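Should a chain be cited, it is by its letter among A, B, C and D, assigned in written order, with residues numbered from 1 in that chain.
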Amino acid sequence: MSGNTLGTLFTLTSFGESHGPAIGGVVDGCPPGMALSEADLQVELDRRKPGTSRHVTQRKEPDTVEILSGVFEGKTTGAPIGFIIRNQDQRSQDYGKIAETFRPGHADYTYWQKYGIRDYRGGGRSSARETAVRVAAGAIAKKWLKERYGVTIQGYMSQLGELTIPFETFDAVAENPFFAPNRTILPELEAYLDKIRAERDSVGARISVVARGVPVGWGEPVYDRLDAELAYAMMSINAVKGVEVGAGFASVAQRGSEHSDELTAHGFATNHAGGILGGISSGQDIEVHLALKPTSSIPQERRSIDKQGEELTMQTTGRHDPCVGVRATPIAEAMMALVLIDHALRHRAQCGDVVTPTPHI
Amino acid sequence: MSGNTLGTLFTLTSFGESHGPAIGGVVDGCPPGMALSEADLQVELDRRKPGTSRHVTQRKEPDTVEILSGVFEGKTTGAPIGFIIRNQDQRSQDYGKIAETFRPGHADYTYWQKYGIRDYRGGGRSSARETAVRVAAGAIAKKWLKERYGVTIQGYMSQLGELTIPFETFDAVAENPFFAPNRTILPELEAYLDKIRAERDSVGARISVVARGVPVGWGEPVYDRLDAELAYAMMSINAVKGVEVGAGFASVAQRGSEHSDELTAHGFATNHAGGILGGISSGQDIEVHLALKPTSSIPQERRSIDKQGEELTMQTTGRHDPCVGVRATPIAEAMMALVLIDHALRHRAQCGDVVTPTPHI
Amino acid sequence: MSGNTLGTLFTLTSFGESHGPAIGGVVDGCPPGMALSEADLQVELDRRKPGTSRHVTQRKEPDTVEILSGVFEGKTTGAPIGFIIRNQDQRSQDYGKIAETFRPGHADYTYWQKYGIRDYRGGGRSSARETAVRVAAGAIAKKWLKERYGVTIQGYMSQLGELTIPFETFDAVAENPFFAPNRTILPELEAYLDKIRAERDSVGARISVVARGVPVGWGEPVYDRLDAELAYAMMSINAVKGVEVGAGFASVAQRGSEHSDELTAHGFATNHAGGILGGISSGQDIEVHLALKPTSSIPQERRSIDKQGEELTMQTTGRHDPCVGVRATPIAEAMMALVLIDHALRHRAQCGDVVTPTPHI
Amino acid sequence: MSGNTLGTLFTLTSFGESHGPAIGGVVDGCPPGMALSEADLQVELDRRKPGTSRHVTQRKEPDTVEILSGVFEGKTTGAPIGFIIRNQDQRSQDYGKIAETFRPGHADYTYWQKYGIRDYRGGGRSSARETAVRVAAGAIAKKWLKERYGVTIQGYMSQLGELTIPFETFDAVAENPFFAPNRTILPELEAYLDKIRAERDSVGARISVVARGVPVGWGEPVYDRLDAELAYAMMSINAVKGVEVGAGFASVAQRGSEHSDELTAHGFATNHAGGILGGISSGQDIEVHLALKPTSSIPQERRSIDKQGEELTMQTTGRHDPCVGVRATPIAEAMMALVLIDHALRHRAQCGDVVTPTPHI
């Protein structure tokens, strides 16, 4: 498949650069008959968009989405759903001095080497702007999963730099710009990030996503296992450097007597597996965690080279996030949704519709 | 694509269960004209195979591979390469009592729910036996990458349960059954694992894989990014619960001033990125780490249910590893090779053959 | 893959209905560094567009294409190229009475049965309007094939209804609305089609496409043979009922001594194969022929049923072609281009760049 | 995807050459729970196999298939079904003199140019031997389609060289080696083919395949239309030069008033569409016709060249068919089955299980 298409049955084909006329996508394979409008997509886009707090990029993009096809009289027809989001606030002059140099930690160098040509404005195709397309498509997937199976997908920030964020309640997530599930720790997070910004530096973040209500049976072993496809989808998000499921890397030091989840007449006793066994959903909550690296573009001087190989120092200015993870939660939720709907359809294809688990689970 | 096919251009289609007549695969898209024989595959299979130390399953499988097509007068023809490995030592009676129950931590429950039928012998299709197919195919990929680009792929165990294994030298890896890159710590590892076994328990492991000599430019953003595809391939290995690239989860707490690798006239100053930037190889070493969970099948009593939902306790007996990670290194290397060759070909397709990086890198 | 994506490496993902806001597509996998602008696409779109002669639909669509991504400073970047064409002249009222009925020969009935919902305006997704997207994408493919390999792709009408059109010269094709390669027969064609229209009926057409300069070696046996993929691409065009290569159906009655093309020191002696042997291009002209059925929408009364199964008669009015084949030539050329570029890249991936045939061919 | 994999959900990956150790395949995505054994595949293989009449190749291959995976206690498990057929009667010496030359009409020249290496024994990968794999896989598909939906697939020869074969009854097909649906014409066919053989020549054939009982709704517009995928599958069969659906090429000269099938309260009045409208099955019989070219390998002297470009004449000897079409019917049926099952699953994925057509059809 082409590198800009995600999925096998429910697919998203994405296009668009940071400073081009528009970004957009095509969702194909969406089941017909579902109510859908721009509002459904806009709600999710608004959760992600820049300019909503002092901790995120001050680029003002309304991110207004327009649906171009695939919907008739308010319902999906089964035809591909094309949508675009026009770029508005591009402020080219912020990037002009980058044309000849490679920003450390960014894809500038690798894109130039691979393609022999690079749209240097805002990272071009490598820009995180593209994630708006994922969020828009994810909204469609979320809706269907919710209506058809009662699946809910919720993400939150579980760690900001060195600060672990204990989980208090999902209700807190929508109330703060961090998507933190914890009201108590907010002042500490704010102070921490202000400090990082004052140091002209950045930190990473750990994002967690939970899918509830996923029926047992989704996943296509042995290569398209559900966890493998989730890892793929999450790792494809800009700045992600690690993905783990359930106990994840903590599994390494665990005993088998502790880690493997026993079954009882009332369900699984624990969930170290993170809801996936043998690459197939078990009916338990699916829990995935992502590690995001610190923002590469910081106001500090950094060493780099130009196209001729001459050394230089650079300071990126303009609009930057001290932590890209602050905006990642809606994107991670979208990827979870896109992978789950694809697998719901694949399971339905091979095995007919979902088998209701035997009552003891 | 079907769930049992890996790759886009250089593909592996795998088949076979633990106790069926044979396991095998078809490698398609292999470049023609490369010398290839069973010996090339056997070498890698022998690194993986069971019965080679007291720390791994005592199932005696010769794992003799037979190539059925795609090779003529000792060279690949470009036609698909079919190969099989007959199962020999199946000892069905060890699994007989499992037909009605679900082993905790295994795929028994999810396979039964998904398909409505389950080959309960040795885990059926969910068995790690299938990884032999990956290793055989990976041998083909490794050979081509080595001959065409000088790429080397080496894996090792970086952590065993609670014990971190400091890296001393790659030379040690082939000398011990752990694939540990450290001679000094071996007695400690042996004692540790013996202790775990005596406790009738198991532990996990962390495996690291390094690819050297990968040219700049491989990877297909934005979804088929090289790191995304590596995460997918690694997470598809039985027992893997997490995948990270470069600094991985440690990136969360790092500062941007530390994490992003500066460029100098002599190359990158550091490699927290793990050799991948913007989803494209940078020319640096590609470093991937996997977390494997502890073996689920342990001799301790575990609670479970049967098909009717009745609670019971079970003790799996027969052949089991106290740490599945002990054998994982060759498998992880194979997955690295399979993903890299696919991307080498995809890059060659879109951009012509690899661009030599400008001399300063 | 998803049904609205064509290709493996150079892919086109298409969206859009006859009466929706816009149609468009995403071309992914285009090699970087090629000069490209809207003008390149517009030229081909203008060849196809409605309203250019009395023999074709009088729907006035400017078919102005807008490129949204994938091009920077006038060159392709390797990133996906998104483009849209806004629908303007939709005249909904022409189709209003069709909401409850199924037009014979159209996809109304099957779309309604499959999806349970149907955009009845102008055929919705089944409309030939979508072919504009193919033509736009085909322009990109044509350009690259021409510049990289000197490949030229030319189509023409070889039969109109009962009239066979003898080939005189390619130069005539651009001079008449039929794309007929024959100036002499034009008055006869005009009179014939006027007669058909006066009878309130329609006829079919046979379109031929020739690709010259295709190097030897393109095609991926045994399933993705070049002729198989051409058949797939051509049969996917609205109204196509048959596809043949070279001698095609005439091969049935030929002798082997006549059909198989002998090789000489100066090349092949004949070309009954149509340029493809064993599913791989031979270096000769690739010749493909399509059969298009007569337009289904005609002003005559036709029997049909409504959604409740009640019989009725209907007369479609509004804008209709007496022969859809009149506009098919640019579409067939586009499909030829899209398949060839995909195979050029696939060949380059597995076998490196094209091997120059030994000098005698 | 790789060129040796057919399908999207129900896939067949094929391997094997004429003179290698074995041919075989992997069927992935088969629904679980269906009774399956080697006998089901052998029945179809026996219909196809060589040595069954004087009109076909005298190579004696038992074509005994062995299933290696994917079946447990007599039922499909949902895991991939691997199967092989060992080559026995390879008579290498028949082909020895071909190593340096290219047989006209065969893929020798194109394979050598594409891959730079060629298994010259019996055509290597280009050999029609591979079609046994299709037939074996097709048997699995046929079974499921029959049991799940009552679909029957029957093929027959509709033309042998210059002789049109009028359809009398399907019952005749199994009684003669031509798969002719006509008892009356058999002596004429026999005499005709004997004459061709005596002339040391060959002729082509036209094969027709009919699928009955296919529900309405299968097909994935706009590119993976059911007719497009059938054209692809059929054109991929060795020696096929043309594919048409329903009225096919005869549609060109038909009037719209005749061609488009009217709907009545009792169903469609005619079936010029061949059971497919807008790329989706209509519930009517699906009718596809293939044109097979005459056998290229004939005992007459033919001009060709060797690898150095030197002209020569050649006479292929050994085992040859005077008409490859004589054995094509089971292969065409298999391709029909493989495409239909893939689309049955794809439809089920996106739209849930098949909607029962409203009672009037």
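One rule holds in what follows: a contact is a pair of C-beta atoms (placed from the backbone, for glycine too) under 8 Å apart; a residue touches a chain by one contact, two chains touch by 3 or more.
No experiment lies behind these values; they were computed from the predicted model shown.
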{"item": "Numbering shared by both copies at the subunit C-subunit B contact, with half separating same from different", "value": "same"}
{"item": "Centroid comparison with subunit B (C-alpha atoms), farthest chain", "value": "C"}
{"item": "Where subunit C and subunit D are represented by their mean Cα positions, the distance between them in whole Å", "value": "26"}
{"item": "Between subunit C and subunit B, distance of the C-alpha-averaged centres to the nearest whole Å", "value": "45"}
{"item": "Distance from the mean Cα position of subunit D to that of subunit B, given in whole angstrom", "value": "38"}
{"item": "Subunit D residues counted as touching two or more neighbouring chains", "value": "1-5, 8-9, 14, 29, 32, 78, 114-116, 125, 346, 351"}
{"item": "Of all residues in subunit A, those that touch subunit C in their complex", "value": "1-5, 7-9, 11, 13-17, 20-26, 28-29, 32-33, 66-70, 72, 75-82, 84, 114-119, 124-125"}
{"item": "Touching residues on subunit A, where the partner in the complex is subunit D", "value": "1, 8-9, 29-32, 78, 345-346, 348-353"}
{"item": "Residue ranges of subunit B in contact with subunit A within the complex", "value": "1-6, 8, 14, 102, 104-111, 113-116, 125-126, 130, 159, 161-162, 196, 199, 201-206, 216-225, 227-236, 238, 240-249, 251-257, 259-265, 269, 272-274, 277-283, 291-296, 298, 300, 302-305, 307-311, 346-347, 351, 355, 357-360"}
